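Next come two complexes, and both contain subunit A; in the first it sits with subunit B, in the second with subunit C.
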Partner chain A sequence: MSVAAGGGESKIDKTKLTMYGLGGGVLGIYLAHVLNMVTGTGYFSFLAGLGAIAAVLMGADAVRRVCAYGIGTGVPSIGMMAMGMGLVAAWFGLAVAGVAGPIIGIAIAMGFGYFVGMLANKIIKMNIPVMEEVLMSLGGAGAMVIIGLSVVISGQIGYQDMLNDVVFTGYIAIVFIAGALAILQPFNANLGPDETQDRTLVLAISTGALGMFAAGIGSLVTVGVGGAVLTMLIAAAIWLKAFLWFFKLVKRDSSGVVGTGLLPEGGL
Partner chain B sequence: MDMVSMGLLAAMGALATIAGTSEDLESDVGSQSNPNSQVQLAAQVGHTHRIYNKAISGEPPSNALYAALAAVTASVLMSDPYGMNAFFSIAVGALVAAVFNGILSMTSYMGRNTSQARFNQHVYLDVLRSHTTTIMAHAYITAFCVVAISYIMTAPWLPIQHPFPLPVIAFTWGIALGAIGSSTGDVHYGAEREFQQYPFGAGLNAANSGDIVTKAEAGLRSSIDNAWFCAKFGGPVTGLAFGLIVFLDNWRTTIFDPATQGWYAILTGILIVILLNVYNRILEIRSKKRYGPYPEYVGDIKA
Partner chain C sequence: MSTFDASTLVYVLQIVIGGLLVGIGVHFVPVGGAPAAMAQATGVGTGTVQLATGSGLTGLISAGLMMSVTDNILLIVLSGAVGAMIMIDVTMLVGNWVYIYGVGVPPVAAKTDYDPITKDPQPPYISPGTVGHGVPTVSYVSGTIGGLMGGAGGSLIYYALMNINGVSGLSAFFAIGIFVVNAVIASYNIQGTIEGFHDPKFKRVPRAVQACFVATLIIGIFAVLIHGGA
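Let's look at the complex of A and B:
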């Protein structure tokens, strides 16, 4: 592991995080769809946002694993790549598979990620051992975040409805960029030799909640005031909790959180 | 070309100039983008500091976020059930973008400094309080101007009527603005201000990496000092660059109707690029003649 980029040991196993991310993401997206359909309201759109937060956790941990190989300034690029793979695969899945679209989209995104990782290692010869596996997780996370935040806005899974509510209104712009920042910001903001996994993941909850809030603003027009306000309130509550938790971890890990002061001696 | 189109073109150019200036200063207060790597390295080579470390991402993605978020909020408020006035909608949108900017800035500052605990880099809460609001204020101006430009391009009652929706246009302008800020403005903060103890233009020797100025004329250097310095030249020149891009690009499609005189617009664009290249070359030759090589340089040109 590169000291400059950081990435200490992982307390939570990557397989566990990937499982929770995939399970939580898919469950959230489908629960939102089914409950909204059954009740005929938009109140359950927030569940897709919660699914997106689970996906962000999985994606942020994947960014952390690959960037620990010293890709310091490449963190935002990795996040963008995840969203790029996810965007294409997600909308392809939705276009061809109807209600099964999210699952097909996520699967294609993961296959896509594996292929890109293989190209990076075998053709460009980057020789980063975790590349294939990490890009697979990132592709899946990107697709889930795109679909999750899109379902927050549209309230249901359905290609034509989602096109009308998310793409033609232009809200896809915020889905893409807020999702990308949610995945890349946690590790990017904690980059350094004393980075810890729990601090990064807590920040991932916070940035995921910000993405959910942004999608909630868009849903004010599409799913109605009730559902949108509920999404935004839940997102704000999750953000506040995660932010305070993050600040607690900053105080735990930092060499000093001080009100003010002169410069201490350097640590070298 | 009617008077309304000309007026709108001028307004867009002016808004872009302001947006470019505030965007560059926003990134300077936070040490975002390219100069950030030196702030990050400083503590690692033994120079602890009180400079803001706002590593949100490169400037293009972060500005795309602020612009897109402000545009989504504005477009929601302007749409059917709410029907708010465009001016106030954009103002509220920019406010939401500024709040997001503040949150991302704070978490970056705290996270990055905490991850340098072994180098004794503290998290200073007074830096967080004083600088975050300054950063947010600049982000507000940037987001407001970018969304205003995008609104002029898309509003159904104005002549341009771009077919793309407002958030997508704002997103694209946000990326363009970030790219201009990163390429034009960074050198004045990074190479000039951070390394003011070395001759400007000498390039950054790898041995000097991280050896940034951490002490000011009196007391310790703060990032607000850096914004004050960059506001003299780096910020305005970034604004000028972005303003010219927005102005010239829209000027050629305003004087030539894209539907019937598309080729003229394309040829004008190519002509502008050629002229600017020639001008840059002349400027480079004149600067080399006037200022000569650096004193240490003993190459083929006599020092």
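Let's look at the complex of A and C:
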């Protein structure tokens, strides 16, 4: 199959990225929960945001792998689908499994993804060989981003608390759209024949940090000013670092602009 | 955890019907994608998901408003359908203004020789090198039908979930989640662009019906098990 929308060589292996994404995401979410519980404060909520950034990296890489085949519907569609599957699975996990909720939610989201990928290949006949595997990663990443950003806002994993802090306050709208944009924007902004994996992933860190910052603003009223400001400061620092790094990579990858002077007399 | 009884089955059925309506409705909406944004293909110049989500969300808002005053499923679903129809119609109308007065092209369909509704010949108006431009009558009518089905489907999902968990924020976002999954599956089926019900790609609807049915059933079973807290 031809490479339609670009997508260069992968320097970092997808298995490694998926492992780090899953490990980092789950670790961040649980560390935030446990440390907040033990210390009785909200200062460690930012760890869940770091977990969400790890998940965004995994999702953004999955997006670039599948979109290289030219899915015909634009990059945003697959990011939104990841969030759609992730949202239902994540809240299902939280509702039925208590503290084990995030893991159950992520696992179910990955199941949804595999299944929808199979439907796309078998019934819709898209015939994209990586579809099942990519949608599995994307579903898991979507669920992790939703749980991660929600835990930033609520400070802990507990269905009733998360309902009160994330759903009743309406912050779920921000979590949904900021998470979706964080996953789909990196490849959408970089696609083309000169796309490079490191540039896309560095942009993913910066969009993930913006999502974390938005969740930090949401947590001002729920986990308290101290924890929220800490989350926002860390997110802002990560964003600044990642964006400068991204700018450097853009300059590295861009073509040179050379002045050639005017055309010579009679040159046309 | 909610118990799984007969009424839950009815809710799952409503969600599945809603998902199917969304999946089929997407096939009616004239989506042109990036070529249409440059007035080189018939339809509105954006992706399926943007159009479907835009009209679907408007449908959800109007359905939610209706649900705050009545429990009548027919009124709620109709209200959602009308909201989505208004949204998609306004989008197509303003898009047409841009195409007609801004770009300076007549709305024309490329996949049919005669507009099935107005009987106007189409090929003379197609600019060379393009596959139609703007939103012609047949696509406009088709898009309105798409809005009706999408809005009705979205509000049916919302209605079912609202009866289970009773939390409007949760129900609305689950409805959006199920909505986008079906809209994306359907837009893969049409490979991102379609002119309306006269487009040959419309014949692929049965495939989307199968895929959306299975996908909604699986996600719906999980969605109905989520309760609204104490």
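Simple rule for what comes next: the second predicted complex is superposed on the first by the 249 of 268 C-alpha atoms of A that agree within 3 Å, B and C clash if a C-alpha of one lies under 4 Å from a C-alpha of the other, contacts with A are read in each partner's own complex, and residues count from 1 in each chain.
Basically, a residue touches a chain if its C-beta (ideal position, glycine included) is under 8 Å from a C-beta of that chain, and two chains touch if they have at least 3 such contacts.
Since the structure is predicted, the reported quantities are computational estimates derived from the model, not experimental observations.
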{"item": "Touching partner for A:Ser255 - first (subunit B), second (subunit C), both, neither", "value": "first"}
{"item": "Which of subunit B and subunit C A:Ala189 touches, first, second, both or neither", "value": "first"}
{"item": "First (subunit B), second (subunit C), both or neither touched by A:Val221", "value": "first"}
{"item": "Chain touching more of subunit A, residue-wise (subunit B, subunit C)", "value": "B"}
{"item": "Subunit B versus subunit C as contact partner of A:Thr41, first or second or both or neither", "value": "neither"}
{"item": "First (subunit B), second (subunit C), both or neither touched by A:Tyr159", "value": "second"}
{"item": "Partner chain in contact with A:Phe115 - subunit B first, subunit C second, else both or neither", "value": "second"}
{"item": "Touched partner set for A:Ala95, first subunit B, second subunit C, both or neither", "value": "second"}
{"item": "Common interface positions of subunit A, toward subunit B and toward subunit C", "value": "72-73, 76, 80, 168, 170, 172-173, 176"}
{"item": "Complex contacts: residues of subunit C adjacent to subunit A", "value": "1, 33-34, 47-50, 53, 167, 169-170, 173-174, 176-181, 183-185, 187-189, 191-193, 207-208, 210-211, 214-215, 218-219, 222-223, 225-230"}
{"item": "Residue ranges of subunit A touching subunit B (in the complex, touch as defined)", "value": "4, 6, 72-73, 75-76, 79-80, 168-174, 176-178, 180-181, 184-185, 188-195, 199, 203, 206-207, 210, 214, 217-218, 220-221, 225, 239, 243, 246-247, 250, 253-268"}
{"item": "Residues of subunit B touching subunit A in the complex", "value": "37, 40, 43-50, 55-58, 61-62, 64-65, 68-69, 71-73, 75-76, 79-82, 96, 100, 103-104, 107-108, 110-126, 164-171, 214, 220"}
{"item": "Subunit C contact footprint on subunit A (complex, rising order)", "value": "71-74, 76-78, 80-81, 83-85, 87-89, 91-92, 95-96, 108, 112, 115-116, 119-120, 123-126, 159-160, 163-164, 167-168, 170, 172-173, 176"}
